[in-house]
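Below, subunit A partners subunit B and then partners subunit C, in two separate complexes.
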Partner chain A sequence: MLGDIINPYHLQIVSFILINIILGISIYITLSSGQLSLGNAGFMGIGAYTSALLTINFDLPIFLGIILGAVVAGVFGILIGIPALRLSGVYLAIATLGFGEVIRVIFVNWESITQGSIGLSGIPHLGRELFKTFKLTGFDPDMLGLKNNQFIYLLVVLILLLVNILLVWFFIRQNKSRVGRAFAAIKMDEKAAESMGINITYYKVLSFTQGAILAGFAGALYAHVMAYISPADFAYHRAIDILIFSIFGGSELIWGAIFGATFMTILPEALRFISDYRYMIYGVILIAMMAFRPQGIIDVPLLKWFKKSLKLKRGVSHGIGTKKYN
Partner chain B sequence: MLLEQIINGITLGSIYAIVALGFTLVFGVLGIINMAHGEIFMIGAFIGVLITSVLGLPLWIAFIAAIGVTVILGYMLERIALRPLRGKQGVSHLAPLISTIGVSILLENLSHHIFGAGNHPFRHSFAQIQFQVGSITIYLVQILIFVISITLMVVLSYWLSKTKAGKALRATAENLETASLLGVNTKRTITTTVIIASALGGIAGILVGMAFNSVNPQMGLSMGLKGLAIIILGGMGNVKGAMAGGLLLGLAETMIVAYGDSGYRDAVAFITIIFILLLRPQGIFGKNTAEAGR
Partner chain C sequence: MVLELKNITKNFGGISALTDVSFKINEGEIFGLIGPNGAGKTTLFNVITNMFSPTSGEISFLGEKISGLKPHKITDKGICRTFQNIRLFSQMSVLENVLVGGHCRSKSGVINSVLRTKSQRKEETNSLEAALELLELVGLSKFQNSTAENLAYGQQRRLEIARALASNPKLLLLDEPAAGMNETETEGLFDLIKKVQKRGVTVLLIEHDMPFVMKLCDRITVLNFGKKLAEGTPAEIQNNQEVIEAYLGAEEDDEIA
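After this line comes the complex of A and B, so read on.
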């Protein structure tokens, strides 16, 4: 039955993967307009702390908290994004990295509200709160042959999966729209894009803010899935992790960020049996990756090849013979 | 009191300056940010601990050993993580950044594995020697750190401006292709630059060990981030800017600890660079060109 297959630990990892995919997309979006932002860990922290504090102190519903977390992160995104327009390349990377560090130091020192480096605990858990509502309607996970615990984690995964599908769908649509083409043009050549009549100020701030909103959203989800956050969760290492998701997977395509986030979340878990060495291996993989495939695992030719081979297979099953006569 | 704080600030600042010099040399020549520099610095500090506290050998041997090890690390960094990416088609400017991040993750966890997570004391014979000048106390260590730093800076400046190798380095920094057309062995110059930068990091590691008497695997990260802040402050690739920026940051941090909220000490560097980047992207000492910050 379902109850035998489902392991809460695996579900937990799946929910981390899904949150990391949102983070991966958040940096992909800023990169798609040619801006390298390392501040996404900071925006994630803003989203997480906003939502956690609102739900703990004001008993706000979780969904409202998460949305407000994303909104507040987005406001900070606009505030940082506009002055950051003056910078590009490494300068932007260091300035945004600096922004993330400042945010972390504020979380550590603003003890009256954030409880400093101890962190916030007792954040309402997304799955458990939903489970309570389900209970009120008279639903019992036993009807599906599940234990309470399994059901809670399954709920979280399902919600995150739904969110992910919506986000990926939205951003694929956006890439094919006027906005996506403007981003691509700015990435290719900013001056040429401007001379073609693209409002680069608007589109660069838009992509920066979208990244910030997504990171804040992911942070808020993270807070309610972990039920505990501390400033160390949103430090330098997180910023680097997020960057690696996109760079490792391939920064040209949204699928790269998705693949990178999935692979890089599973890798440390898969290497758990040699846990003493796993981060060293992580480092070696990064070095080797840049030496042999610096554009990331998934790039445009690979995707084309993949689509072509998929089509060929389909062609065979439908019979190539008929095509010859057409 | 104020004078003592200024002395502390200058001591800290001269160490920062040496770390930043390593960053700025590599950025000046290669145009990349070496994220592994902080970790090479940390390895240098650990070599110092190993030689002085564990083996009980004198300090000058620690300096030689740290320089030796970091030179090897620098060579390997250039050979393994940087050279394969150079001149390759379709490599984005982010690739060297990522691969040096890979090296930094590797080194941090390696030393975490070998030395453990805790603080290691750095014992040396003259930690407690101090002078009383009027009402202020000066430690011999502080003088030593300051003298070593200044000597390094002077030697480096001389080397860069007067010797043939230094000229080759500056030519390579100006334009790699033109320099190689004019007969500069750019491959060797780049390797030399990365090696010198790493050796500077190793020396700075021992100086920090001497100054704070504690060494841990995480110190590379915070020092690396501050080094980045300093080269922004002083202007990317600008040697004199790195020295001045380092001293400024050291003084500013000491003053914040002494007269402000010590919790915000680590934020000083970044709040400053955010403002610097927005008001004067070329850095305080940078040349005013349209391309600065781009």
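After this line comes the complex of A and C, so read on.
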């Protein structure tokens, strides 16, 4: 029964959506302290190549590879984040875009290790490797009425979903705390934030690095879901795509990045039947968006309205709301 | 003695914004800093909080040298300020603004915040209580959930004071707190600053509203063209010939006119 509904192609799209959500959150976090980074494609590439090379050449378990990929991207995040403190706005955007290109060019030219523009193939696949482990325990997907292929893609989606839920939970909590308030204060007025005792160096590097770690993490997941990567996957158009996720969805809230990544991943697939025009429609939607709703689809008033109507529907008032302050 | 400035000089290129300014502020005082426009008053605030470092001279706070410390460290030591052109976090709620002000009096980092550990929750409750108490003090309790930019001008000035007080300062720097206020609002501000003084906070304020300054301050320093012109009690300042000349022009000018 389950086997009739599940379509590996759809599952593949869902896993792209989930990876793109992580990328969207990575830029949302950097933006939340007022820094516009276009280097996240570069960090993504670092994560992807690190994990891919470690698992291919040293037979490292995938999970360890992914974590190391995120860590290495994070280290680069700190190294870039500190000098980037002197820059802001478009200057930071250009500098980080330059960084991303440097990384891509290194992947292209360091052929002995990265195999140049041909890219790395034969990267252990997250789902298949897990499937092998399951098989060892004597599990057969037939027990669920699934074909091997369906089961593998389903596993990937479930893992990514779990990761996504954890990340969203993490950043919502961070956002509602002293750290989140410091990010927001720096975004709104850096000088005033500093005068209020906020160590802006620390918090700006923190948010930049968190963004880099997330992008590296997403990149590593991407490598093990695609099983093949090449430098072109991490070119500047990827950086723009990531930025669009957050800007289109609404950069004020984490839900904006989530919505943006979901919508922008589904759109080209949904428009596949008019293949020649789909990127034109994509472009028109972006232009209309910037003209009519520059803050992005999801903003604070919309979220408040949504919460309110949800409460009205339930018809219950949850206390007088004395403890509600954020 | 809370604050001591020794021979502070600040040059911007060839222009000297402050020349050899020295004064001391005693504990619990309300100390006024006045002078004509461009006299260097706000520059002096920026030097004290080290937004600009002084070209020469030394600043000590509670007997400890603070010149050269980063601005956020200075706030941590116990000096906090407001701004002449209001600089609230305009899209945050009123309450959040005050909570940010308490930043350096709390410690929870990322891990504690995400896990909501016991110490973090306690800290948040304490910050919240402190913030609510300060909003009560400045009379903004019922606006706690409003967005800061939607407040009236006078309320925004009060919110800036509450935000600065949230860092639990020993010395509060107020940059023209009465600017743009009407008479009733100024009276309210007068009472507020007196209340702040009663909490044991020393106040240094820049203000152009002379009746307000003369009534409020214990001592006053007058700056003119970056130099200290006079220092004394309000009565002494009002009768100081040089000060009168700086504000109204010298006698000779009057005769010509």
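Here is the rule we use: the second predicted complex is superposed on the first by the 315 of 326 C-alpha atoms of A that agree within 3 Å, B and C clash if a C-alpha of one lies under 4 Å from a C-alpha of the other, contacts with A are read in each partner's own complex, and residues count from 1 in each chain.
One rule holds in what follows: a contact is a pair of C-beta atoms (placed from the backbone, for glycine too) under 8 Å apart; a residue touches a chain by one contact, two chains touch by 3 or more.
Just so we're clear, the structure is a prediction, and the values are computed from it rather than from any experiment.
Applying the stated contact rule after C-alpha superposition, one finds that A:R173 touches subunit C and leaves subunit B untouched. In the superposed three-chain model, the partner touching more residues of subunit A is B, compared with the other of subunit B and subunit C. In the superposed model, A:G138 lies in contact with neither subunit B nor subunit C.
Once the two complexes are overlaid on the shared chain, A:A193 sits against subunit C while remaining clear of subunit B. By the touch criterion stated above, A:Y236 is placed in contact with subunit B alone, subunit C being left untouched.
Once the two complexes are overlaid on the shared chain, A:F99 sits against subunit B while remaining clear of subunit C. By the touch criterion defined above, A:G89 lies against subunit B but remains apart from subunit C after alignment on the C-alpha atoms of chain A. Of the two partner chains placed by superposition, A:P301 touches none, neither subunit B nor subunit C. When both complexes are overlaid on chain A, the residue A:A182 reaches subunit C alone and has no touch with subunit B.
The part of subunit B that touches subunit A in the complex is made up of residues 33, 80-81, 84-85, 88, 90-99, 101-110, 113, 221, 225, 228-229, 232, 236, 261, 263-264, 266-267, 269-271, 273-274, 277-278, 281, 293-294.
On the subunit A side of its complex with subunit B, the touching residues are 36, 83, 86-91, 93-95, 97-99, 101-102, 105-106, 108-109, 236, 240, 243-244, 247, 251, 276-277, 279-280, 282-287, 289-291, 294-295. Subunit C makes touch with subunit A in their complex at residues 49, 51, 70-72, 75-76, 80-81, 83, 87-93, 95-96, 99-101, 103-106, 108-110, 113-114, 116, 120, 123-124, 127-128, 144-145, 163-164, 167.
On the side of subunit A, the complex with subunit C involves touching residues 170, 173-174, 177-182, 184-185, 188-189, 191-200, 206, 325-326.
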